[in-house]
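What follows is chain A paired twice: with chain B in the first complex and chain C in the second.
Entry: the complex of A and B
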């Protein structure tokens, strides 16, 4: 049976099993209808021109994972940012693991989607924000239809979250192949500040497909820092859909580090619904083998005096394929917009491919919009310089590539993450750093 | 009293299309509609050989299966293809040797256009192959060219007289099933130009053709084929103006360039078809397929100045098949009022050490939409391919739009591809600077726009550069800075 049919036919059983209040139930049933109409995206769609989901959809995924599997902290310690104090939301095969997590309701709400969907206390927030941002398409509808678990984060007015929040989804391989659909909601009220780290990690070699939807709402003067670490096993695929709505003077940044996984697709959309907003999206992609990473970004400038910065760097080895599809839309009213977009790539091997499509759609005249895209090689002179100082060719190359990718890290605000990513990049490139940042 | 922006706006709006006139020449027109019989009739009227008729019919059958493309960033009312007459030729069709024999009414048309043939003949050695409603009426300088072995004639003449060349190259760069409009053109093309430069010959003059759409309700389906044999060089100019028409006129041309080893083709276009009235009514639909094929060490350079047409859909492309071949694309696209342009280029790198340069300047004013859409593709075998693209857009007023859709695909690690794009408006300080020095705002805008487009204007042959500069000024006069 096709995955689509399987999903549609198992919806009733799902709906029965995970009951929620009527309003959300309504949204779910509408969503499954939408999914039935749209289905999975195909290469015929412009936004999916360079990425085919075929290889990720061919497995017979189980939709209802069995009960929680006991995993020990020692097994997963390496995947956590453990050297600083954090709030943790740990999910195992899509099910919340209370003994590995660390939640709170003190001034900020860091808890579960499942409890937020069922408790009256959270109802106003859910009514106001849940499924209000994600545009209607097959993947979002599918996720919405199967909403049951995920992270629910609400930072109340004038609060600075005291610790970063980690959201980690593990898959254990109890099922031979697993479809995970986490649904996250982040609401940051006026003058508040939050840092979030998200990671998907498979603990076995069984195929896993994650179709995640995250909706983030940043109210006036809110600051949101979001870090996505994508360094999964070669058998897991990830479709990450993140939608961010910003109000006046808010500042949101999303850093995506795509190092592992089989097929990774990042749909990252920013909607600027206010003035003097700053949006930043940065990414480092270093892949090899037959990996495929697709960054699809959209920044919608609707009001005047806003800024957006995009900087994506990629290094592609072996037969890997990189896709960058960045779109900046500047509406008529959005005068004095400053939008910058840059995509730099290095192809290491002959079989590697890069498809880049930086787009600008501009309807306002008093704007500064620019984009740049390059595909090239390492500077021969720089390489020679290093070699002439006794650094072997391989290390010299590694160092230069490290330097190429590294400047994206400058805007990372959590030192431990910076260090962690630095080491990951160095490891991936086979360089001994000999220094620690 | 100071000349304000409002004055400028008003002046622009009241400025009617300068070249909007209509020459009354009896035309020999086929009934409207399109079917196999019409295709056969066109072929018969042109006294074409059997293989050409078959070729057209094949294209027609393919076209019937195709759907009109919708991906371009333009919106318009689709033409009804059964409501167009596919053939219209000036009814007198003698072959002139001297200008005295030419219909005086035609000569008058050219005078209005400002291209007196007598003058052209003497000036700068430009041979003019005038196309009036699809049929080539007069060809000058043919003799001079013939001495060098250069063939420059209408395509229907070439089909009759040089079938071996036409048969070999027609459809070799733009296959007849390439796209919807190319297929349509292949089926019904009425006429166009054919040019062949023999081995090692450097064409001594700029070749130029003036296209005009003249007959109401007649689609224009030009077919141009330029072949530059080994180590030859040719510079080809194409320029267009069209009379004012209220209903939309369809233009679906195909241009094929073949540059064999070490050859060079320079193809320049100035396009100023009727862009529609200031209310967005009327105007020409321009759906053109232009493509060039470069063999070893060959070079093809496209230069275009697009100021007219209500809807433009045009991507002059280069297939860099041979090693060390070079492709260039220089473009200025100006849109005003309700014009829409979706234009750009495709550079397909197949051979080793191939190079391409793309310089595109878009200027949008009024309520127009201007898009750049380009593809740079580096294939696995294209070692050391190099591309540089630059797309700059200038916006005037807050009701227009500028869009950039570059596609970059690299499959070779030695590829070096650079793309950059900027969008901005004319700075108030720039205008102020000019005002301060006694240059009024209108002149200042013209000055700044000229500077903005200079990189492209410089690439045009002398004769065109002057005309193009004037055209830019006319199209943008009165746009708010």
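Entry: the complex of A and C
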């Protein structure tokens, strides 16, 4: 049976097994109908021209994972940012692991979507925000239909979350192959601040497909910094759908580090619903083999005096494929918009590919919008320069690629993350960092 | 130290060096002067091992070893240093981190452990003072946005750090104002010992007032056509290169 049919026919059983509040139940029921209509995206759609989900959809995924597997902290420690104090939401095969997590309801809510969907206390927030941002399409509808678990984060007015929040989804391969659909909701009230780290990690070599949806609401003057670490095994595929709505003077950034996995698709949309908003999205992609990473971004400038910054860098080896599709829409009302977009790529091997497609739709006349895209090889002059100083060819190449990618990290605000990513990048490029950063 | 015999070199099939003979002994300073396009920079690139240049004939013996088969980094490990005419900008790598990487690469090639951090810092401080380099400068990205003078000073700083046996200074005076020229020359002179040698490649005599050569060679059209003492440099400054070309034609 095709995966789509299997999912549709499993819905009733799912719906009975994971009961939720009536309103949410209705949303789920509508969503499965939408999924039935839309299905999975195909390459015929403009936004999916360069990315085929075929390799990710061919497995016979289990939709109902078994009970939480007993996993010890020592097995997963390396995947966590553990040298600083954090709140942790750890999910194993889609099921919340209480003994590995660290939640709170003290001034901020860092807890489970499953409890938020069922408890009266959270109902006003769920009613206001749940599924209000994700555009109607097959993947979002599928996730919504099977909503049961994920992170629920609510930072109340005038609060700075006292430590970063980690959301980590592990898969154990207890099932032969697994479809995971985490659903996260992040609501940051006026004048509040939160930092979030998200990661998906498979612990075995069974195929895993994750179709994740995250909705983020940043109210007036809120600050949200979101870091996505994508360094999964070659058997895992990830479709990350993240949607951010910003109000006046809010400042949101998403850094995406795509360093592994079979197929990764990032749908990242920013909607600016106010003035003097700042939106930042940055990415580093370093892949090899037959890996495929697709960044599909949208910034919707609706009101005047806002900014957006996009900076994506990619290094592609072997037969790997990169896609960057960055859309910026500036509405007629959105005068004095400053929108910057840059996408720079290095193709290490002849057979590596990058498809880079900026799309600017500007309806206002008093704006500053720029975009630039480069695709190139390593600079031979620079290589010779380093070699002439005694740095061996391989290391010199690594160092140059490292330097190329590294400046994206400048805007990472958590030093431990910066260090971690730095090391991951260095490891990936085979550079021994003869220095501490 | 360096013996070049009948060196011929091509770039993209075009012959640039047409039979160079040159011998440099420890403790000596040699200057190679010549008009634009005579092959000066090609000679320095070929000695340092740039791949684009193809050696078609002859040999380059350095410390009794043929350099022809060695990669640029291996030549560097043996003690060859090239101060670039146009140092390359490398955003994202600070001067300090670059220097640490280079020093430790040299040490590794010589079977040594990485230099301890405190020793490294001390060395960097000492050598940057020699070149009157500001500390802030060291944390900037390598050559990125440096002025011409800063780039050249940075080259000699690297030379001071790596302590090569043979330093080739390719047009080090270009882009330098008089103060920077003095600092750079002073740095080079302080680094001189009876065991190392310097090859200065220059179009003008100006730099040779500060780094005084023992031997001056004139390179024209890929060949060394005249060799003399430091007074030859003054003569070239006054009379240009044409009289040598004529002398040679006769």
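We take it that the second predicted complex is superposed on the first by the 437 of 437 C-alpha atoms of A that agree within 3 Å, B and C clash if a C-alpha of one lies under 4 Å from a C-alpha of the other, contacts with A are read in each partner's own complex, and residues count from 1 in each chain.
Assume a residue touches a chain if its C-beta (ideal position, glycine included) is under 8 Å from a C-beta of that chain, and two chains touch if they have at least 3 such contacts.
This is a predicted model, so every value here is computed, not measured.
Per the definitions stated earlier, placing chain B and chain C onto a shared chain A by superposition produces no clash, and the two fit side by side. Look at A:402: by the touch rule set out above, it reaches chain C but stays clear of chain B.
In the superposition on chain A, A:19 makes contact with neither chain B nor chain C.
If you count the residues of chain A touched by chain B and by chain C, you find the higher number for B.
Residue contacts after overlaying the shared chain place A:423 against neither chain B nor chain C.
When the two structures are aligned on the shared chain, A:363 is found in touch with chain B, with no touch to chain C. In the overlay built on the shared chain, the residue A:37 is in contact with neither chain B nor chain C. No C-alpha atom of chain B lies closer than 15 Å to one of chain C in the superposed arrangement. For chain B in complex with chain A, the residues that touch the partner chain are 71, 378, 380, 393, 395-425. For chain A in complex with chain C, the residues that touch the partner chain are 379-382, 384-393, 395-396, 399-400, 402-407, 434-435. Residues of chain C touching chain A in their complex: 48-52, 71-73, 75-77, 81-82, 84, 87-88, 90-93, 96-98, 100-102, 104-106, 109, 114, 158, 162.
Taken in their complex, chain A has these residues touching chain B: 46, 332, 335, 345, 347-377.
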